[in-house]
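What follows are several structures.
Shared chain: chain A. Partners: chain B in the first complex, chain C in the second.
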Partner chain A sequence: MKRFKIAIAAVASAALLLAGCGGEPAGPSSDFDPNAPVTLDLAFWGNDTRAGFYKNAIAKFNEKYPKITVNSTFLPFPEFWEKRQIEAAGRDLPDVMQFDYAYLRQYSQNKLLLDLKPYLGKYIKTDGFTESTLGIGVVNGVTTALPIGTNAWAMFTNTALLTKSGAGAYTGATSWDEYATWMGSVSKAGGGSVWGGTDPTGRIQNFEISLRANGKNLFDDAGAAQFTKAELAEFWGKGAQVRGTGATIPTKRLLEVAPKSGFGAGLTTSELTWDNFGAGYAGDLGADASGLALSAPPVTKAGAKDLYLKPSMLHAIAANSEHPEASALLVDFLLNSQEAGAVFGTNRGLPASSTHLAGVKLDPLSQKILDYETSIKDRLGAAPPVPVVGYGSIEEKFRQLGEELGLGTVTVEQAVDQFFSEMDTILKK
Partner chain B sequence: MVTVPTPTGTPTARGSGRTAERRTAAASPAGEPRRPGRASGGAAAARRETIAGYGFLAPWLVGFFGLTVGPMAVSLYLAFTRYDIFTPPEWVGFGNFVRMFTDDPVFLRSAQVTLEYVLIGTPVKLAAALAIALLLNSITRGSGFFRSAFYTPSLIGASVSVAIVWRAMFAGDGAVDSSLQILGIDLGGWVGDVDLAIPMMIILVVWQFGAPMVIFLAGLKQVPTELYEAAQVDGAGPVHRFWKVTVPMLSPVIFFNLLLETIHAFQVFGSAFIISNGSGAPGGRLNFITLYMYKRGFADMQMGYAAAIAWVVLVVVAIIAAIMFRTARSWVYYAGDNR
Partner chain C sequence: MTTVEHVQPGHGTAEITARDAPPARRRGRRRGLATTIVWYLMLLVLAAIVLYPLVWLFFATLKPSSEFGRNSGLLPWEPTLDNYARVWDGIAGIPLWRYGLNSLIVASLAVVGTLASSALAGYAFARVSFKGSGILFAAMIGTLLLPFHVIIIPQYIIFNQLDLLDTYVPLLIGKFLGTEAFFVFLMVQFIRNIPRELDEAARIDGAGHPRIFWSIVVPLLRPALVTGGIFSFIWTWNDFLGPLIYLTSPENYTLPIALRLYNDTTSTSDYGATVAASLLSLIPVLLFFLIFQRMLIRGVATQGLKG
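Entry: the complex of A and B
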């Protein structure tokens, strides 16, 4: 009998162990006390530089709300989303997230994000935003995210490195051929240790702006692709030509320095990317940003409105958060406060909230971004539709195929077929 | 089996009968008077014992069914569906499998690099393990030290830190590249090289030969020395002795190691993930099947497709294991078999 009792005890303790999970998330409550001790999880993507900024901003936040503890974690962009996807499956997302436009539709439609409407005005001030910037985070009539900042596609050049290698500066807004010629001249001067740039055909955004120059987007409102196999083959074909001249950094070198880009590793003098990447590049290069310059990307068709402003990133609160009010206070601080503005500068894009922007001491780099976005006004067109569900995977597939083309492990024709087959599978959902 | 005749001339069935009696006696408390209806009381005791037995098994059974059998059954179901985690699974029949073999060149290439890695890496690793085990078996001083020293890499080899070190060592102008340049061999970095990425991974796995080495060493200690002496008397040289005595006597251990290491090699993930930054680069050469499955599942949210890949891998590994067992009959020698 004694053994029987022990066995029962063993079963009971196993059951207790298994029952360790559970608990319903609390809804918005009217008797929220900001001075009650609460712990929040905050997740963002970025590098050490940005992590330092978040740390400082959270310290400032804690001066106001000392009882709200914020645990922050960060990862590079692709891993950040892998982790979020797993958490989403278990409805266990961090309370506050830095969010990307490409995933907004998917997460919102699946009710993973908190409806922010009851918190707007009360916990999250909205007077710093314009009507249109507030509308960015609205999916199917529900506000699930607020934009942190906006950014535009741009060309970064490393003037310090250019001076050292003795090559001339890039003037901006040339033709693609002229850009390739310029890259070639830098690579020649660099003598195998510095290159003019990275093959631009490896990034879907460069394909996008060349489509937009002809009045099309990657996808239409209904989520159908607006480009043909022939157009993509032509685009990738141009990449092969540029790589063939030795103007761009070999893909092999890029793989060795990843996750840094060739530009961030100080191996190339130019890179096409979003205009808020400057501080990150400076951090990667271990130099200050004074040696970086911004200019307009090459022009596909004169007079075309190929560029656009998009939310660089947004803030969202998880629907599973147990502390939505405290999370809302943190979001408000990170989005609107002058203190946070002073800390972040333009690291997360040009601030969308005017009160946040007021705090930004326009350091030379931020000033460059502001000047850049002013300078491309004539090239800015309407933003494309909110990205299709799975856009993140499509973008990554494009990047991987670009890499394989660079290594010569696939032909342009094979790459185009693979891309379309992949895209069809993703869009079939 | 040998039957021992008992004094009465009947084969001994009584012996076991006695043991059974003793066992029952032990189960009932000593000195307790035997009551009528003892038989049903014994049955109740046996039942209690059964329940107690299952009770003790329960924590393991819950884990086995809840964490192994259950998820496996679900993944088998998911393999026939399209499932993105966010929306309910949608039945697609054999669609995932058809796609895998007809419409997914990345899968086929991933399978190819995995097989390349397994088929080259495993034999090389075992050869290295056996060679070092033979060396250690022949020395008398310091063998304990060397055994530990050679075993250590297999403990830390699969760790993230070693993968990071590997990546740095094999990058352009890294330790390996620089050393080879001193010897006049200029291969450049291995990490981003389509042809050298798999050799780099094979070196990493071969370096972890410690675990099979220890097993080989134990096997070598079991080979009777008189066999070597007899062979020597017959004029067999060291090479002959190795092929005619060591290998046959060691064949069960070789078979065991081969099976284990082959299955283990199919599971390569962490180091490939870290070295390629999670992408399987360069050109998909490190996109091993486990990595590809992970990316399909957790980056692309194609859980159904990932589950289908998992089942294909399971079946392939099972077939390879079955072939090994089949062929083992012809080359594995068990010393006790030929009595």
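Entry: the complex of A and C
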């Protein structure tokens, strides 16, 4: 099945290149009439709950524009992108799409997405956005997407589980060594059934923030890696040390509970991840979110701006859309309106548009996220360039190698070599 | 040994046989029984090993979602029927039976289309000699070697141009047009094993190709049709990629896609509902198999027979 998927991806991406040779779309037409009947296709990924939210939001949208019919379709994330890849090859993408940062560069470079610039202000209001959030979806100088919500890298701790095991809470923003020591103390108190956390060196984002602390990113604007083999080896070497002390949950145990994470399965008391994962954790744990706390990730270098706001998801319009103006109106409604805000809450991340946020009734967990993103203001730096094409595969390779390091099936040197050769292959495509 | 009763007394040897034989027989039966018990025990153990995943799946449907990943054992800690209730409610306002019905429609039509077209094509290749039949047969076998991925995108573009997306036509039309080379090949091989004398006899009585096909070949083809039907049903029922590519509206989705909708790793995954829905989606295939399995075995067995 996996080989099959890769094959599809390969064929689809080849066809994507071919499909890229389309004509330049014109700007909005001056004689657009919002009361003329049109039908739009809207595609998003998500679960049952989100599908219900979109349905309600579209109903609200139709109160304003009764003649614009919206047909929505949804799939889980991986299938969503498989289908989009094939549609892209046939230049038949849905008019309005919920979009992911990792695919933005690929689709933008292949000219599959509409240049939103001519629609900004007139059809899509921009007062709710800040300069930096408006700039998130700009690829090679062209605005091809706008962020729905933002998220930041964060540390989740399970306070309920910590209290039960009798270990102290994590204060947040300590040094990495102090974090490791704290994890060790929890694991000791947990006595082999609860651990302090998961080895942080298995996630590329932790490597990224340690690079950013030194003023670098994973990749520069041109898409070249900004780190050396030695830096990666040092990073993974540290992970081996921490694992050696037994402070983190054994990888074998993690594999047993997959697809849940150690944190979601209630086996670890902390995990570094995106700050909007709380609801998923609460669902996995079968508890309400009151037992979860958010704090800042460990600090690599004091005063460094190592964190950044990433779009949790974006909205984009297909270049092949026959109704770009109506699509822009729909995007505006989904991004900016208080009505949509009231419907979605923080289901799609903490809203990027302040007018959208104004409609959101914050639940306790969302309030925690908002408070967290406010609390790290001083650590927030400029967002890195839009991810390179194939970033998703690079991220996944990093995670797999982290897992293998945890199992002890590769040495750090082998893992570094494998990672670089895989990354070079992906970047050369 | 019932004859022993009728043996006249006085024939000593017979009497001895009659007296001795029953214990010997009983000993034999006891040995047989012991062996049988051992065999059955071994089979039970093997069956338990093979069935364990299915049994686990059944008990997992009774676990609340939060137990997944924490309780990997067989029995749920807090058994609940909630999963079934949620599955029954369906997804995005569409009840699960609707997806099941969609799957059933697609799979049944696929069976009809595949059998009708491949039987006809098989008959043509096996019995009708026409110009280029050799090349066409080779070309058909050649499509078996063609990887599916090569044709996905061209096919998608064609159906898109024909405005047939979000209908079941792209999923079924190929099956009605005999493009399933595997089944055509199955039929050809089977028909080749039917003695030609039967055709010739019918021909002498004045039957043409339609009559020979319908009255001679189809009745004899039954085992192959059943085998083909079962495979076609199970494959279409489980097909994921085709429906994923061609169906857009959630109300048209088939079961395998609906099953994936319970799992969204980017928000909240409902593991309990996933396993419950998986179990329910297994039932039709299981029933289909149980009903037709006798014929399936006969079909496969006849296939291996060389004439």
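Quick note on the criterion: the second predicted complex is superposed on the first by the 271 of 429 C-alpha atoms of A that agree within 3 Å, B and C clash if a C-alpha of one lies under 4 Å from a C-alpha of the other, contacts with A are read in each partner's own complex, and residues count from 1 in each chain.
The rule is simple: contacts are C-beta pairs under 8 Å (C-beta built on N, C-alpha and C of every residue); 3 or more make two chains touch, one makes a residue touch a chain.
Quick caveat, the model's predicted, so the values are computed rather than measured.
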Requested in this report: Give one of first, second, both or neither to describe whether A:382 is in contact with chain B, with chain C, with both, or with none.
Outcome: neither
Query - chain B versus chain C as contact partner of A:45, first or second or both or neither - result: second
Query raised in the report: In the superposed arrangement, which partner chain does A:36 touch: chain B (first), chain C (second), both, or neither?
Result: neither
Query raised in the report: So, does A:81 touch the first partner chain B, the second partner chain C, both, or neither?
Result: first
Query raised in the report: Looking at the overlay, does A:265 come into contact with chain B only (first), chain C only (second), both, or neither?
Result: second
Report task. May I ask you to decide whether A:59 touches chain B, chain C, both, or neither, giving the answer as first, second, both or neither? Result -> neither
Report task. Check whether A:256 is in contact with chain B, with chain C, with both or with neither, and answer first, second, both or neither. Result -> both
Query raised in the report: Just chain B (first), just chain C (second), both, or neither: which does A:89 touch?
Result: both
Query raised in the report: Can you list the residues of chain A that touch chain B in one structure and chain C in the other?
Result: 4, 7-8, 11, 79, 82, 86, 89, 256, 258-259
**Report entry** chain A to chain C touching residues, read off their complex
**Finding:** 4, 7-8, 11-12, 15, 41, 45-52, 55, 71, 73-77, 79, 82-83, 86-87, 89-90, 92, 256-260, 264-267, 279-280, 283-287, 347
Query - chain B to chain A touching residues, read off their complex - result: 48-49, 51-56, 58-59, 62, 66, 82, 84-87, 99, 103-106, 171-172, 188-189, 191-194, 276-279, 281-285, 298-302
**Report entry** Of chain A, residues touching chain B in the complex
**Finding:** 1, 3-4, 6-8, 10-11, 14, 18, 78-79, 81-82, 85-86, 88-89, 106, 109-110, 112, 251-256, 258-259, 390, 393, 396, 400, 403-404, 407-410, 414, 418, 421, 425-426, 429
Query raised in the report: Given the complex with chain A, which residues does chain C contribute to the contact?
Result: 64-70, 72, 91-93, 147, 149-150, 152-153, 156-157, 160, 165, 241, 244-245, 248-250, 257, 260-270
